[in-house]
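You will see two complexes here that share chain A, one where it goes with chain B and one where it goes with chain C.
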Partner chain A sequence: MFLVLCMFIPLIAALFMPFFFKKIRSIHTGWFVLIAPLFLVIFYASYVPIISKGETIIAQFDWIPSLGISFVSYLDGLSLLFSLLISGIGALVVLYSIYYLDRTKEQLHNFYIYLLMFMSAMLGVVQSDNMITLYLFWELTSISSFLLIGYWYNRDKSRFGALKSTLITVGGGMMMLGGFVLLSIMGETFSIRELIEIAPELATHDTFIFALILILLGAFTKSAQFPFYIWLPDAMEAPTPVSAYLHSATMVKAGIYLVARFTPIFALSEVWIWLVAGIGLLTLFWGSFFAVKQTDLKGILAFSTVSQLGLIMSLLGVGAIAYHVDGAQDTIFKYAAFAAIFHLINHATFKGSLFMIAGIVDHETGTRDIRKLGGLMSIMPVSFTVALIGSFSMAGLPPFNGFLSKEMFLTAMLSVKEFDFYNFSTWGILFPVIAWIASVFTFIYSFYFVFKTFTGKYKPEELPTKPHEAPIGMLISPVILASLVVTIFFIPNVIADTFIKPAVVAIQPFLYTNPDQVDIHISAWHGFQPELWMTIGIIVIGFLLFLVLSKWQKMYEASPPKLTLNNLYDFIVYEFSDKWMRNFSGLYMTGSIRGYLAYMFSGIAFIVIGTLFIKDGFKVTFVGASPIRISQLLLILVLVIGTITTVFAKSRMTSIIALGAVGYTVSLFFVMFNAPDLALTQLVIETISVALFLLAFYHLPKFQKVEERTRFRFGRAFVSIAVGVMVTLVALSAHSQKYIESIAKYYKETVYSLAGGGNIVNVILVDYRGFDTLFEITVLAIAGMAIYAMIKLRLSKKGGKL
Partner chain B sequence: MEIIMAFVCGFLFMAAIYLILSRSLLRIIIGTGLLSHGAHLLILTMGSFKGSAPPVLSDGVTDYVDPIPQALILTAIVISFGVTAFFLVLAYRAYQELQTDDMTLMKGSEDHE
Partner chain C sequence: MKTNDVILQFTAKLVFFIIFFYAVHIFFAGHYTPGGGFVGGLVTASAIVLLVIAFDIKTVQSIIPINYLSLVAVGLIIAGGTAAFSMFMNEPFFTHYFDYFYLPLIGKTSLHTAALFDLGVYLVVVGVTMTIIQTIGEDE
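Let's turn to the complex of A and B:
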């Protein structure tokens, strides 16, 4: 129970932040915020000994029990690792933000409320076992990310980036919800644990593949995989602590988490392996290739994040292959999931520190443009050291943790071609090749990032402010992360035993039941294996290419600027949905009521006539029809003539009088068909109506002799004929197919005995069905009042006062 | 007779729709008048013309016409009168304020000229 509450601790803390910000101005609000993640780090760290033995802990709080929706906090190796990352890096980011954001100039309470909201949401995502609450927290991360990217809301680019990231991630979230719902229908439960237990059975369902693709779409949009990565570079408009936290270490890994969590369910499917590994590899290459093109420090880091996430994703895909291999514990496929988790930890450490360094450079020099920077090494020695450690780790150089995970990555990729089904033996060779090329580019942009900023020519005249080393408080967090980068290199097996192996058990429960069974030992030196030669190749080629960077960097400008995914997004959002769709709706939403009426009438006629004939409902019989009399025919003739006169009269006077004539003919019909009350009412009402028409006659203008376009007149005639035909057909078939006798017999028999009246129509109106009459009176009263109000109330002339 | 009346009702509807689709406001209201006539006659026709005496109790008569459609029509007549009266005043006020009764000139949206 307390475990469930822990997910909400940051959210609860957020409630107090406006109070701290408004009342205690002298202390930076961040110090109060810091308490929450620090507590969580210590709290979750206390579970590490239990979880690393392979046990799991679960706590539940029912939210909507009748629908099976509950907040379930499920701690296993995977979710504990993520929880520690979230709260740990969260604490460092809060510490960094205390020095980064000015307490007098910024709206700190907004910032920290969003940040804490995000922290709760992330904890919820990684701990939720119930898919519906997982989705709830998932969307909460999107919303808080939206708020954080748009933190400086008076900047155009911030709002653009916030909108873009939200459209893409929320769109993916919706897809994911669809996948969850499909899964829950197939497995009849929302619990992921229970779904994993019946995974082989799930795979036999027809909708399994749809659930798979929908959930993958959710994961790919969130984790910025190809082609959905485009929101991430634009999200760099957020304050740097946010970029470091959300867009490198935590939120973008929610998709990774999702793929890892659902691997036991979907690993059976060939599609899953191909999509996750293939898209991951494509993203890895794409991100690393375009990172070299960027000139903005955070832009480089954004593309590098995209690329590294692709790396982790492809490893998870290859890790799923282990499901299909007999005795996978003895093969090298087992490395993949292990390497994925290992690289995830490493990436969180070095990328977090690099973002903080980018923020420091921005903060101290006033620019992030790499073309203006240079030669800062002697001015900012600490930042340079941290950047060097982070970049070398990112490039995969010893003695930093990136080296170890990159070696394992290459090992896993080399193993793919040995997998001999699902066409992997044919295409598998592409995996190590693409991975190697991408690694070369990774090496180049890592060097590009650190050496273009800190070495070379110092250009003080181009910098907005005079640069100097950052305050000590700002350096604490990146230094801690950088020291972790080095520490992990020297004690990788401690990290592996504590964190990685329990997580691997969670990802590959089909291979292991206990962390002790994961017999992988990380060694920095593993002899002259192919992967070592590959690494040497990366370093040599990468270094040579870096030296001649200025020669070939221009080739990026050669690619057509119109043919980018960003342009596609802009086209969809601004051209297509905005302009094209508006033009399209402008085609039929003309604002002319005649057009709308024509649509409605022809639509009704079309549907009714069509239904009559499709359902074979049209039928005419003369059985049961009453005889025709000459007097009635004469009356019909009068009615028809009157109607034609009304329609084609040139003056309104003729038209009104002809309408009156029609009305009186109708009342004559009522006389002829034995309806005395109707005849009376119709006579009176028609008289009053004609009087009213004549009254309006004085005020309304003469019929104007407007030349209508003949096209519309034909259309008008066509629509009206269609409606007339429809009414006739419906009337004929309704008359010819009567199945039930009228209930009038009851009224006729009881009108005197029960109601004490003789006029059946009147008794029906006031006795049997008196409610109709009551509200008909109401209608008249409302009409009367409305007419009165309309005539009396002249707001526009009296200056809008009653 | 019912067969012929079905055609008459169809004809009234046709004329009414033709008027409703015209440009002048007054013609539209005349069209609604014709439309309600058509609807009332249709209700009466569908109730069938069987029976030879009006639905008022009198000695020795058993062959009354169906009273229910008549009650329904009576209600409908009053309601359509109320609505027509309201429409007429609305048209009158609209003409006063806008100085036109041409429906093509009365457009709500400013985007589409």
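Let's turn to the complex of A and C:
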């Protein structure tokens, strides 16, 4: 129970933040916030010894037991690692933000509420075993990310970035929900653990592949994979602590987590391997290639994040191959999942520190434009050191942790071509090649980032403020992260034993049951293997290309700006959804009543006639029909003449009179068919309505009182004929197929004995079915009052006041 | 020039009563022969309209000082009340009662609660028709 509560601790803490901000003005609210992640990181660290032995811990709190929805906190190697990353980097980011955000100028309570909300949501995502609550927390991360990106809501770019990231990630989240629902239908449970147990059985379902693709869409949108990465560069409008926390270390890894978590279920599918590895590799290349183009510090880091996430994703995809290889524990295939987790930890450390450095540079110089920066090395020595460590680690140089995971990445990629299923033997060679090219670009942008900022010519005249070293408080967090980067290089196997191996067991339960079985030893020096030669190649080629960067960087401008994914997004959101759809609805929402009537009448005629013939309902018999009399024929003749006159008359007056004639003929019909009550009422009502028509005619405005014939329109004629045909067909069919006897017999027998009357019509009206009459007179009353109100209450015209 | 409507007005005075009593007749006869509250109400309204045509709205209003909107309300209350009455006798909504009585002068007569309901209908119809005609007529 307490474990479940722990997921909500930041959310509960968030409730108190406005109080701290409003009442205790002299202390930065961040100090109070810091307590929550600090507590959590210590609390989760206390589980490390247990979990690293391969045990799992589970706690459950039922939310909607009748639907099987509950908050489950499931701690295994994978979720504990993520929980520690979230709370640990969370604490560092909060510390950093205390110095980054000004206590007097910023709306701190908003900021910290969103941040704590995000922290809760993220903990929920990685610990939830129940898919529905996982989705709940997943969307909560999207919402809090939206709020954080739009934190400076009076800037247009912030709002644009917030909207873009939300549209894409929530769209993906919806897809993921669909995948979850399909999975839960197939497996009849919401629990991921239970689904993993029946994974082979799930794969036999027809909808398995749909669930796979939908869940992958969720993961790809969240983790900024190709082609959904476009929201991440725009999300850089957020305050830098947010970028460091959400858009490098935690939220964008939610998709990675999802893929890792569902690998045991989907690994046996070829589509999964191809999609995850392929898209990951494409993203890796694409992100690193375009990172060199950026001129904004955070822009470089955003594309770099995209690229590194692609790297981890492709490793997870290759990790799924191990499922298909017999005895994979002893082969080269075992490295991929291990490398993925290792690089995930490394990326969180160096990317977090790099973002914080970018924030410091922005904060101290007033700009993030790399073209204006330069020569800051002697002014900001600490920042430079941290940036150097982070960048070298990102580039994959020793003695930093990025080197180790980059080597393992290359090992894993080289393993792909030895896999001889699913066309991998033919196309597998592409994997190490693309990975190598992407690594070259990674090297270039890492150097580009650090050396263009800190070395070269110092240009004080272009900087908005006079630069100086950041305050010590702001440097604490990046220094801690940078020292981790170095530390991990020297003690990689301690990290592996404590964190990575239990996580690998969670990802590949089909290979290992206990962390001790994962016999991978990380060594900084592994002899003259192909990986080492590749790294040397990366360094040499990358360095040469970096030296001549100014020569070929212009090449990027040659690509047509129309053909970008951002342009596609703008087209879909602003051009297609806004303008085209507006024009489309403008096409049929004309505002003309005639048009809408045409839709309705043609629609109903089409549906009814169609149904009549599809269901074979049309039948005509004349059994039981009465004989036709001459007088009836005469009346019908009058009726038809009256109707035709009404429609085709030139003058409206003629139409009114003809309509009256039709009404009186109808009342004659009532006389003929023995309905005296109807005849009486029809006669009087017809008189009144004709009088009202004449009144309306008399008051027509003079200038429009042109006497002209109704214009003939083919479409209208067609619709009216169709409706007429429909009514005739239905009436004929209904008359020809009477299945039950009329109720009239009962009325006839009981009208005197039960109701004490003689006029059946009237007795039905006031006695048998008086209810109808009651409301018909209510209708009359409402009509009378409405006419009274309409005529008497014309305030707007007379007084002008309402 | 002011037209003299003496013939019309004199005839209207006489004919009004004939029409009115005819309306009362078809109202009461409704349960056994054609007629009833609806037609009765319409015919009554037409009698009043005849007066309106012969004289004018203000004069008729002073002769028959009825607020027709209130008449509608009264009619609805009578109709609804008659229908609701049976609920107080622990019977379903809209249960009618009738029996035969010997009344002085008239003799054996059937008295029926349906007639009360019909009276409601009658009042509503008269009220609505007259409201419509009066408001439209008074409008400039």
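Just so we're on the same page, the second predicted complex is superposed on the first by the 784 of 802 C-alpha atoms of A that agree within 3 Å, B and C clash if a C-alpha of one lies under 4 Å from a C-alpha of the other, contacts with A are read in each partner's own complex, and residues count from 1 in each chain.
Everything below uses one rule, namely that a contact is a pair of C-beta atoms (placed from the backbone, for glycine too) under 8 Å apart; a residue touches a chain by one contact, two chains touch by 3 or more.
Only a predicted model underlies this, so the values are computations on that prediction, with no experimental measurement involved.
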Which superposed partner A:771 touches (first chain B, second chain C, both, neither): second
Superposed model, chain A: greater residue contact from chain B or chain C: B
Chain B versus chain C as contact partner of A:185, first or second or both or neither: neither
Partner chain in contact with A:637 - chain B first, chain C second, else both or neither: neither
Partner chain in contact with A:785 - chain B first, chain C second, else both or neither: second
Chain B versus chain C as contact partner of A:565, first or second or both or neither: neither
Chain B versus chain C as contact partner of A:756, first or second or both or neither: second
First, second, both or neither for A:15, with chain B first and chain C second: neither
Which superposed partner A:536 touches (first chain B, second chain C, both, neither): neither
Residues of chain A at both interfaces, chain B in one complex, chain C in the other: 676-677, 681, 685, 688, 692, 695, 758-759, 761, 765, 773, 780, 783-784, 787, 791
Residue ranges of chain C touching chain A (in the complex, touch as defined): 26, 30-39, 42-43, 46, 68-69, 72-73, 75-76, 79-80, 83, 93-94, 96, 98, 110, 112, 114, 117-118, 120-121, 124-125, 127-129, 131-132, 135-136, 139
Touch list for chain B against partner chain A, complex: 1-27, 29-30, 33-34, 37-38, 40-42, 44-58, 64-68, 70-71, 73-75, 77-79, 81-86, 88-93, 95-97, 100-104, 106-109, 111-112
Touching residues (chain side chain A, partner chain C) in the complex: 676-677, 680-681, 684-685, 688, 692, 695, 755-759, 761-763, 765-767, 770-771, 773-774, 777-778, 780-781, 783-785, 787-788, 791-792
Residue ranges of chain A in contact with chain B within the complex: 586, 589-594, 597-598, 601, 620, 622, 624-629, 632-633, 636, 639-640, 643-644, 646-647, 652, 655-656, 659, 662-663, 666, 669-670, 673-678, 681-682, 685, 688-689, 692-693, 695-697, 699-701, 703-704, 706, 708, 716-717, 719-721, 723-729, 731-732, 734-735, 742-744, 747-748, 751-752, 758-761, 764-765, 769, 772-773, 776, 779-780, 782-784, 786-787, 790-791, 796
